[in-house]
Amino acid sequence: MALQVLEFEFKSAATQEIAKEWSHLGVTGSGDLEVLMEKKALNGGVKAKVVTPVKGFDAVWEKMLGKFVTDTGVGNVSIEINDDNATPIVVYMRLRQALAEATAKEAE
Amino acid sequence: MELKGITREWDSLKKDAAARAASAAPYVKEGKIVDAKDAVALLEAVIKPGDKVNIEGNNQKQADFLAKTLCQVDPGKVHDLHMVQSVLTLPEHLDVFEKGIAKKLDMSFSGPQAGRIAEFLKEGKLELGAIHTYLELYGRYFVDLTPRVALIAATKADRHGNLFTGFSTEDTPAIVEATKFRQGIVIAQVNEIVDELPRVDIPGDWVDYVIQSPKPFYIEPLFTRDPALITDAQVLKGMMAIKGIYGEYGIKSLNHGIGFDTAAIELLLPTYGEELGLKGKICTNFILNPHPSMIPAIESGWVESIHCFGGELGMDEYVAARSDIFFVGPDGSMRSNRAFSQTAGHYAIDMFIGGTLQIDPYGNSSTATANRVAGFGGAPNMGCDPKGRRHSSEAWLKCGEEYGVKEAMWGPVHRGKRLVVQLAETFREKLAPGFVEELDAFALAKNANLPIEPVMIYGDDLTHIITEEGIAYLHKCRNMEERTAAIRGIAGFTEVGMKADPKETLRLRDLGVIKTADDLGIDMSRANRSMLAAKNVHDLVVWSKGLYNPPAKFRNW
Amino acid sequence: MKNWTELENSSFFDANARERALGMVDKGTFTEFLNPLDRYCSPHLPVLGTAVEFDDGTVCGVGLLGKHPVFVVSMEGKFIGGAIGEVNGGKMVATIRLALKAAADIKAKYPEEYAARRPLVAVSFETGGVRLHEANAGLLAHAEVMDAFQDCRGIVPVVAVVGSKVGCFGGMGFVAAATDVIVMNEEGRIGLTGPEVIEQEMGKDEFDASNKALVYRTTGAKHKYIIQDCNYLVEDKIGEFHKTLAEVAEIPMAEIEKMRRIGSLKLVQEQQELVKLVGDMQPKDSMDLWKYFGNEDPAALPEMTTAEFLKVVKRRVRS
């Protein structure tokens, strides 16, 4: 019944830091999620926390987030996700969008 | 050897039909018209136990009044019927089995009634002949499944029984031709009886009785997809499809299956397709229903022709005003025809692309679930490599050129290959996996005691799979092992994808058997709804210059 | 994130709560209260296994329209249908009270300039009302908001902004009615009982919720504009809402009071006249009323663009 709280840590090869101190993207809608990224000194690594009502997908979350870290080389960032039944592609796309947002210069 | 002819009557069917007509005579008013209140009596007079009976159930148009009427006949008089019909949509289509009026069923597709068919099969209430494709069933109408009585639906009739089926012609010509020319009986329900028809779609002497239905026939806007519900993931797959397949092969003639995936592609043509400079090079000739989501592509000059299986609610006026594109009669309204459209879809197009629910590691793809006997309608005919094709095109030849086993299978002969493409998300809503080690079709075959697993598209016909992870160019594979590895390589985090060997996936990417969005040069952060040429139904109306008249359930204004 | 021009030109209907909040006030002036980094989630949802959101589904904050501080509440329909619970309800109430406090401070500091610096409350409704998971707190929030609106009467204009997917239904339908000014786009809907619930309780013959055209004719902005529930009907662009709010910020308080539809004996009498009219004429459809108010071809109105509609529409004459 209760929400699942999953926590992961990843080592990043490239350690691309985000530009902003923190950045937020998305809405916890059905089949969607929100992503909060915060710059943190984590020895180049990535910490992730996922809060989700879905059970039994811990391994998928770990692989998915790991793929995101590998694909983008992002590091020294803490990622927090509130999820509501998003599919892996939606998670991956939102992560990429959130990263683009966190690395972008302030909007004109 | 002495040759001896047999002695028999050679016109017994004709005599039987005449006898049935005689007992129906009291119910006939002027010309061929029968009152709706006498409909039950009429059916009891002309239908005999054990007859093959067709209730016109199309993908869209339904002979709903006659279906209801058949449910009201006395099972003491009319029973053990063998129903032969393409689509079962209405509850009445199965009520006839529950009431003991019908016994056996041959069909193509069952949509909302699929669960009940499975139940009835288990309980022995129904005997299933086979689940056909549309063309296969129409073929059998002319071989061993000819209806004795056909209960059809038309838009208008005149007193002589001439019918106007117009925009919603669909299956009617195939059914009537088979029935009437083997001395069968044709009964039509019509929305309206008029003095003069806009045009004659079915000649009056092929029709025996006409009944004005108390309500116009039921029709569903099956092919309308609200652009507001298209997701970013569908936009991404659409962009991959356009760049990695449509553009890559120069696909000019094609069919789009029903669904949001292909609606997304249709709405990306005027934006992303334009940006890639593909106008005129792809998507010029379609076989599909008048999808409202095609309007922006048509209006921006992408499309040369569209032939339709059936109509679509609210599209009549738009289609009529675009007679350069659609097949429009001398009266100014379109004529759909499922039999011809399916023939075109089987032989005359370069690509079929559509969505599916499950794909296995062999590439077999199916929408069957364990407890629903649904069938696939026309998809297997379009989603296969037609072996009878003898004309060539650039796209067809290129796909054949890339065929990984062509030396082994074809020798030195030059041949082409139909592109058969499935769009799949690795996980759908509620995290249901799109890739599975064993299709639910196996469980269904067991549950419903079917001799073969209901597979929509066989693995050996499937040439491409598109998921958010990438495109697998399956036809390039040289053996089953490679094909399975290619499928696992784009199956994401499903049980099938988790077994992928990353090294093998990388090797297949090097070979161009797998291409990811990055490999295709697609910027994922651009894949969002702002790429769509229309973002809601109202935008479609604006694109159509007010000619599209969406049904009430799609009008958010 | 969209740049400012893109944001102002984008659809209000498609925008999320934060985009609306940012775009309704002047460029770069919005400051969010309890932003996502504060992680102020509902304490009730986790125990029920329901997904949470860092802002609990409502974006609150303050921005400027010229010299006017604007206290913004913007609801997110994608999160539990925009329903109001303890945290987002509390944020809404506190934001309105803050507007009152700002009004008092401004009056004290700039007694001569109050009209030019007068605050404004703008609530972008996208909600079905009370969040059933935490219904008591949600109901309480509704009552407190109504109370705070009353406190704002004559001091700070309260504007309802309605133009998002979910519309404004349930208890929040009452709340929207209790504001001073209502601004809507064509896609906006306001009602009490939602269409699906009416169908479920009264049957499909009474109200077919799948008939979206009927739903819009009954609860949509064009209807609300004709019967004078809606004060401003604008194009579906965030910038159009921004512009209209800036206009309202300059209107004298006495004129604002005249834009209300409930809240005085005279207004109650006016509403009763409308009830009597409907009782007498027994309309079968909203279009009967539109015709009664002077629209010769009511069936043409839903098909018109907002601009075309505003040119030709005849509205109820207020007594």
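For reference, chains read A, B and C in written order, and residue numbers begin at 1 within each chain.
The working rule: a contact is a pair of C-beta atoms (placed from the backbone, for glycine too) under 8 Å apart; a residue touches a chain by one contact, two chains touch by 3 or more.
Everything numeric here is computed off the predicted structure, so don't read it as measured data.
**Student:** Per-chain C-alpha centres versus the global one: which chain is nearest?
**Tutor:** B
**Student:** Looking at contacts between chains, which pair has the highest count of C-beta pairs?
**Tutor:** Of all chain pairs, the one joined by the most C-beta contacts is A-C.
**Student:** Which whole number of Å gives the spacing of the CA centres of chain B and chain C?
**Tutor:** 45
**Student:** Cα centroid separation between chain A and chain C, in whole Å?
**Tutor:** It comes to 34 Å between the two C-alpha centres.
**Student:** Can you work out the whole-Å distance between the CA centroids of chain A and chain B?
**Tutor:** 41
**Student:** Using the touch rule from the top of the page, what residues of chain A touch 2 or more other chains?
**Tutor:** 85
**Student:** What are the residues of chain B that contact at least two other chains?
**Tutor:** Residues of chain B never touch two or more of the other chains.
**Student:** For the complex, which residues does chain C have touching chain B?
**Tutor:** Checking each residue of chain C against chain B gives 11, 14, 186-187, 210-214, 216, 220, 222, 302-303.
**Student:** Using the touch definition up top, name the residues of chain A that touch chain B in the complex.
**Tutor:** So the residues of chain A in touch with chain B come to 31, 54, 57, 60, 63-64, 85, 87-90, 92-93, 96-97, 100.
**Student:** Any idea which chain B residues touch chain C in the complex?
**Tutor:** Residues of chain B touching chain C: 529, 535, 546, 552-557.
**Student:** Which bits of chain C are touching chain A when the two form their complex?
**Tutor:** Interface residues on the chain C side: 1-4, 16-17, 35-37, 39, 41, 45-54, 76, 78-79.
**Student:** Given the complex with chain C, which residues does chain A contribute to the contact?
**Tutor:** Going through chain A, the ones touching chain C are 1-3, 22, 24, 27-30, 32, 34, 36, 38, 51-53, 80, 82-85, 101, 104, 107-108.
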